[in-house]
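Next come two complexes, and both contain chain A; in the first it sits with chain B, in the second with chain C.
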Partner chain A sequence: MARRYDSSTTTFSPEGRLHQVEYAIEAINNAGTCVGILAKDGIVMASERRITSGLLAPAKTSEKTYKLCSHAACNVAGLTADANILIDQARIYAGKNHYVYQDPVPVEELVEHVCNYKQAYTQYGGLRPFGVAFLFAGYDKHHGFQLYQSDPSGNYSGWKATVIGANNQAGKSLLKTEYKEKAPSVQEALMLAVRVLNKTMDGTAASVEKMELFKMTVDDKGKCQHHILTATEAKDVIDSVVAESASAGDS
Partner chain B sequence: MDTVLAITFKGGVVLAADQSNARSIITYQSNIDKVKELSSHSAIGVAGPNCDLVNFTQYIAKNLALYRLNHDGLKLSTKAQANFCRSKLAEALRKGPYQVNVLLGGYDEDVGGSLYYMDYLAALEKVDFGCHGHASSFCLSIMDREFRKDLDEEEAINIIDHCIDEIHTRFLINQPNYMIKVIDKNGVRISKFGGDPSDT
Partner chain C sequence: MSILEYNGAAMIAMAGKNCVGIASDRRLGMQAQTVSCNFQKVFPMGDKLHVGLAGLASDVQTVHQLLEYRLNLYELNEEREMSPQVFSTLLSNVLYSKRFSPYFIEPIVAGLDKDNKPFLSGSDLIGATVIADDFVVAGTCTGNLHGMCETLYKPDMGPDQLFETLAQSLLAATDRDALSGWGGIVHIITAEGIVTRELKGRMD
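Our next item is the complex of A and B:
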């Protein structure tokens, strides 16, 4: 039934659905998992590094985490080529905004701009939607630390903790039980993120090569700090999670 | 021929401007208000042709209102408003410039009162006090001498009054009436005026 109505983004199906947009969202469910967690003094984003070939040169920076401006960063799940276009958009918008107002762009405004750009591809032009979902992490003086998720439809929402990419339902159910009412510290959030990735990547052992951990904090001068954990730091977090779960069964 | 004066004080800014609308040898009116409100806690004192004064202030004020509507009531800081203003002046400069010289004052909770000096070439500088127009030849030295950090409102208005007295004594052009407005944590209010703007 859907066959007739799924080849064009600009056509609703009789059930009131946009199939192209839904298929784009499906595409992301095959991508490497990303977890985002809002801590009380920062934001943590962790992602699965998919190593498809041993011959691949290791990325010098990251293929999952991108800095958008001094106070915002994002994690990507989906088609990297599509993501690059949108990240350019976000960076230009943040930069232009800073030129005009000489003030950091409010995080939600930046997210909304990227999402409005994505929405255009679901309504006109006859072009396919972007096959990317983002986790945006940012800090501004209006709302403090914020975590947003967006998908190919151009919708976005703010979250305390969320998962995108492969096995995100398993990750989300773990977060539902383990994310306490009171926001965790950044360190606790890092460990929770590793636990979530362990669950979504189930079968494979947790290791530094397979996970990328990112944290955003603010120093005492109010300046935002972006930090992708080094191999040693990441190993420390993974080791403490492993130790915790090993002793969990003991009474 | 316009005069615009402004001084920051502890907890706010005083903005003052003459009220004459004149061209060539004729005074059209002596009760116009050249200190226009931009938002709840900011205002702009403008020197320049009446058309640009009105056009520019309304353009900025309405764009700031649109920003608030688009961003859930988020208020722009005085610094952001001043830079926005400057960017519009800069954009228009090589197309069809606004011939306005401006003093933008505002109150922010975290900063207190702040004042920005802008000219028609889109220069922007944060200042403690400022003047635009021929009056600056008479008034800057008075402000230089009498300004201190953390004045209170009354002292600031006093300095403005000294400046206005000097203009009345020494400036060739007759500017009998002045509009004085105060911006503080309560918003923008009229302190006093010579001619009632609503008097048509």
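Our next item is the complex of A and C:
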């Protein structure tokens, strides 16, 4: 039944659904997991590194985390080629906005711009939607630290903690129980992110090669700091999570 | 009246031993009238790179903001710092793209490349670039500036001697130009960092 209404993005089905958009969202559910957590003094984004071949040359800094401007970064789940187009769009928009107003672009405005661009591919031109979901992390003087999630439909929402990519439902259910009303510190958020990834990557043991940890904080001069944890720092976080769960098992 | 002489400026960039210095005056005028004595014309574009923009003040500010935008985009995409040579080429490209409605500026670029070797370049308003190993000048009194630099310059000066040479050249040259002066500022860039000093000169 759906087949009659699913080949064109711009056609609604009789049930009022856009099937192409839904299929794009399905594509992302096969991608490497990304979890984002809002801490009280920063934002943490952790992602699963899928190493498809030992022959692959290592990426420059990351193939999941991208800096968009001095005060915003994003994590990607889905088709990397599609993501590259949108990331370029975001970087240019943030740069141009800063050029015109000599002020950092408000994070939500940046997110909305990327999402409007994605939405156009669900309504015009007969082109397929972007097969990418993003986690945007940013800081501005209006709303402090913010975490947003966006999907191929061009819809976005702000979150305290969320998961995208493979097994995101399992990750989200863990966050529902473990994310306290009072926001965690960055260190606690890092550990929570590792626990979420452990759950979504169930079976495989947590290790530094398989996880990428990113944190965004603000230094005492008000300047945003983007930091992808080094192998040593990541190992410390993973070890403390393992130690915690081991001792919890004992008691 | 030339549009490049409307606001007034004087600047020098000079190379020393493993260091560069860049100096400018602080005057902003509207022909004869002086409007400001602390107008910024030299802008840091990175840890070891400065650009000085002489000419129409509006274009000085606009071109600086445009260069910052282009540099930031480059560093986001390339994930590395822009070298002074590449920056100088970018500047030339930006200026030539407006070949038939130019930005009325005379830029000079001073920086240290990744081996801490000095880099100096200057160009005209449509992007014709010249790379020098001693000094470059720009502004409304380039005749004076060239004369002073040619006289006082020596190769391989240390940071302190470079500062003295820059300061004396700038002050003497601007003293004989009505449109520039009203204070001065000198930045000395070395591998260790940047030292900035303000000059006390004739405020006329």
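Throughout what follows, the second predicted complex is superposed on the first by the 251 of 251 C-alpha atoms of A that agree within 3 Å, B and C clash if a C-alpha of one lies under 4 Å from a C-alpha of the other, contacts with A are read in each partner's own complex, and residues count from 1 in each chain.
One rule holds in what follows: contacts are C-beta pairs under 8 Å (C-beta built on N, C-alpha and C of every residue); 3 or more make two chains touch, one makes a residue touch a chain.
Here the structure is a predicted model, which is why all the values come from computation and not from measurement.
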| item | value |
| --- | --- |
| First (chain B), second (chain C), both or neither touched by A:91 | second |
| Partner chain in contact with A:109 - chain B first, chain C second, else both or neither | first |
| Chain B versus chain C as contact partner of A:69, first or second or both or neither | second |
| Touching partner for A:99 - first (chain B), second (chain C), both, neither | both |
| Which superposed partner A:142 touches (first chain B, second chain C, both, neither) | first |
| First, second, both or neither for A:124, with chain B first and chain C second | neither |
| Of chain C and chain B, partner touching more chain A residues | C |
| Residues of chain A contacting chain B in one complex and chain C in the other | 99, 102 |
| Contact set on chain A toward chain C in their complex | 60-61, 67-70, 88, 91-92, 95-96, 98-99, 102 |
| Of all residues in chain A, those that touch chain B in their complex | 99-103, 106, 108-109, 142 |
| For the chain C and chain A complex, residues of the former touching the latter | 65-66, 68-69, 72-73, 76-77, 79 |
| Chain B residues touching chain A - in the complex, by the definition given at the top | 71-72, 74, 76-77, 79-80, 83-84, 87 |
